[in-house]
């Protein structure tokens, strides 16, 4: 009877010793970073569960695809990439622990942080504290760079302000005579923030619009029929919704079925990611945006070859079109490649340390298939915004924009050092004159 | 478990925690959070003694965390914020307790759940004040007037959590052995008799409820100070479920159980998340299922059985 | 003439159509042992429940030591000095007998001590003495739900006695106790209570027990007291014998 | 007040129509949970997962039918098939395989077992159906809309929302009431709900009753999901938000009370839609406020019975 106890006890002691040694090694590793590592480790936080995994999982797929492609081409500076994925869903308190683990235990050289704004706000201070370059690869909150300085954090795509202002300008051009508007946004930070930004801009550019309903249904709602009835009854000229994911799909389906789209013009700044799910259900003639300029039918992509390669590669592997988080992920990788190239060149072929890597990102300009993005001195990336009217055609089994306007990033982004809401309030109607002409598409 | 065995286990546990925190700095953070959660679970354990399952206890944790987050810009002092969070949570516990101790079993559980969901909604809805789901970012805090560096801060939070855990565990142990604690267990088996002994059962439960709310508040404050970011997620019903989960995982039979459970829970979660980032929930669920089916006494139960066999 | 310790007047209570109390008037004198007998459903337990605050009558008054106690919570009535034991023993099933007794002592002496152990030396000593008086020392460390019915009954009464009441209401203290032990148990009980000067009211089905230990007997039927008097007289009453005790007159 | 009504009376009418449909969906989920709680005395957290899986299964079957070229009306058959599959397979598996092992254990363990199942099933859904929204709205589309007069205007409502959802809920309520009162099995379930010990003492086969009830409850959850699936898009996490609302209904209704569940669902549905019209910020807390208010006045729930313990 004593034998099994002995065995299990020894096993326990050995196990403890082994894990202790591992921990020890981990701790040592964090302190001394080798000159040129055998692999370039990247921590990637994204949603792998919960409702936002509709963005997280495709972006993870994109990351895996990109890493394969980059590694096949010899990695970055001859070093192969390796990703460590972390689920954002358990919440910010868990995520900050995971961030530490990525840096201190997995020894990642760079972290790609977060879809959720809350996650980004929690992670950026850690980037400063741990001096670890962190690319905010998808989150949109304007608060990050407007409320603090983060020398190690860079956002490789646009953010809330341009993503809201561009559709607003498009609306003012397309239907300048609207008098009433209703908003139905998800009840969480993005839903609230985007409405605050929109309202500030709208009141400055077209004072006197009556807001007939402000609705913020519970995040992750599955039914909007009551809200739709109210919208049908109040008959606003314009319905704004920055919702996304399953909620946007449900909203559009229920609203189409009840012909709300025939009564009101919809403005859907985050529509792109839901168009595939909606397919032919999406009605034509409504304003749709993509949190960037990477619509599949971009009228004049800078590098059509690269665009086709990425889209086709993704489709081939995953049997669906990439959505905007996939493009944002690709932008982060593009920025990473460009920054390492710049830093290695600056060091005469040597491998950059954390500070040198961060320096390389400041002011960096990198390519995307559709355009180029420049990172400003505050870390914010300048990404163009492409907005248009929904249309169904032969080329895609889902809606894409027509009458597209490409808003230059600098035109719709808050200048460095200003707060978005204040800046939007200060806008003058003459900004409308700068809006480029629509391209039929 | 005998008194000596428990003391030995506690000492061994402390040594292991300190060693791990020293050897792997990233785990020090995880362990601090685990100890804090253990504190909240210790509070839940009190109510479990009375046979009552609070399915909304995360509200006190969130209350403690938000107290700290709101007060920190004005009073960035750890040693002021911690007691403030405990007091506020205790006060809320008293108010809510006066209402919920009149109910038992599913009604007790569900009322707590309902109130926690109301609190969660308030945190989420009053965006202008609470920043909604983005949550609130906390400034650096001082400890006794000194603002430590980030490494020192980490150790201070770890030690605070460990010290408070130890203090509360000893306190709870004494409390559960006292007439009041034993009367609490009497609520579970024969509440009628308690009344016929001249003991106001509701007041006995209320006392425990306030205590457990305070421990929840302290836990929330520690978590807020450690992670430096608070979100409404802390109050969501799944967080409350998680706390009960930890209680059962550790074993409800000993004041050490919650901490054992919390450390095990956080480690399993961290490693499960690292190994299979998109199926960690399933792993945790599987662990929970296995514990309930095969070791309903939790980790403490397993350990004490081991000792008895050896 | 001494004033009654407990005085009930005109108690009425009906559950649906069933009259559990239909005008109960009863005085309990200090120091006496009053037995309550009657068929099942006559309202005996209901009387105890009303007196101890567990049920509230729809009409009537109850005074204890000359002061009304109707409408008080059970625990307030207990604090006045009325203890009770139960037909179905109400023990803390997950505690040992010793802990049960100690909890009762703590309840009397002051429960509001959150840090000192329940089984502190003083309480332990007193609890052991209490258990000794009831002959329960042998099962002191046993869990309450592991006892046999007789021991559970005694433990239940012991807990009530630990409160040192002036008046003790006992609901069928001997039901479930093995016939062979019954007289011994009751003798122990009566000795303990008499020594402590406790007034007792007990519901009883065993007429031998009633005859030997009661000072007076009240006969319950359909929510009323039909007869009240010394045991010898009451138990000899043919009507009582036929309707309550269930013994047919001699010719049967 | 009178003025307010003349201004908003029409809106209140619309709110009532919306509230009814919402109440119907809430009822479908909550009544199964309530039934299961009545017999098993377990608050089944995994009930929400059954709802979600029922919805996903129904949508998948519907899409499959559509792929086979069956007419859109076959979507209704898909709803029923999905329900039967989930109820008939998952119900017994969970009850026999897991719950049965914890009967008689502490309440908290029973609760947590279902919490564990919930966690596992959440990931299972993700593995099976992925993360992109799944929707199959043929049953809603095939029935079209009706115009409801609103002043000089008319408001289109889908027939599905206006008639099918409340209809099915009403049918379920009446059917359940008939089943529980008039059939032997139903009466046995009621007997076990009211007093388990007494029922078992009377020789009722508790194992059979629990299995039956749980399967039945699971099927009701799945039916609720299947009914919701045509109007909504299925994404990970829909189970979690559904279940927490059902908890509130069960406690408010009174344990095991189907009429209570119906009335509570109606209160919640109407309260919620009124909130959306007049005070949208209150929408989320309405069910909980109703619950707290009801329990303040009736501690045992709307239709609960006070259990006086015999001493």
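Here the chain labels run A, B, C and D in written order, and each chain numbers its own residues starting at 1.
Operating definition for what follows: a contact is a pair of C-beta atoms (placed from the backbone, for glycine too) under 8 Å apart; a residue touches a chain by one contact, two chains touch by 3 or more.
Keep in mind the model is a prediction, meaning the values are calculated, not measured.
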item	value
Shortest walk length in steps over touching chains, chain A through to chain C	2
Central chain (distance from its CA mean to the mean of all protein CA atoms)	B
Selected interface, A-D versus B-C, where C-beta contact pairs are more numerous	A-D
Interchain centroid distance [CA atoms averaged], chain B/chain C, Å	44
Distance between chain centroids, defined by C-alpha means - chain A, chain B (Å)	35
Intercentroid distance (Cα basis), chain D paired with chain B, Å	32
Two or more partner chains touched - positions in chain A	49, 53, 57, 187, 216
Interface hub residues of chain B, defined as touching at least two other chains	124-125, 192, 278, 281
Residues of chain D engaged with two or more neighbouring chains	122-123, 126, 281, 284, 311
Residues of chain B defined as touching chain A within the complex	19-20, 23-27, 29-30, 33, 124-125, 127, 131-135, 137, 150, 223, 227-231, 233-234, 266, 269-270, 273-274, 277-278, 280-281, 309-310
Interfacial residue positions of chain A with respect to chain B in the complex	5, 20, 23-24, 26-27, 30, 48-49, 53, 57, 84-87, 90-94, 96-98, 100-101, 103-106, 116-118, 121-122, 125, 129, 141, 143, 187-189, 192, 216, 219
Chain A residues within the chain D interface of the complex	49-51, 53-54, 56-58, 187, 213-218, 220-223, 225-227, 229-230, 232-233, 235, 245-247, 249-250, 253-254, 257-259, 274, 276-277, 320
Residue numbers on chain C that touch chain B, as the complex places them	52, 54, 73-75, 78-79, 83-84, 86, 90-95, 99, 102-104, 106-108, 111-119, 159-160, 163
Residue numbers on chain D that touch chain B, as the complex places them	37, 43, 45, 98, 101-102, 105-109, 111-113, 115-120, 122-124, 126-127, 240, 244, 247-248, 250-251, 255, 281, 284-285, 288-289, 291-292, 295-296, 299-301, 309, 311
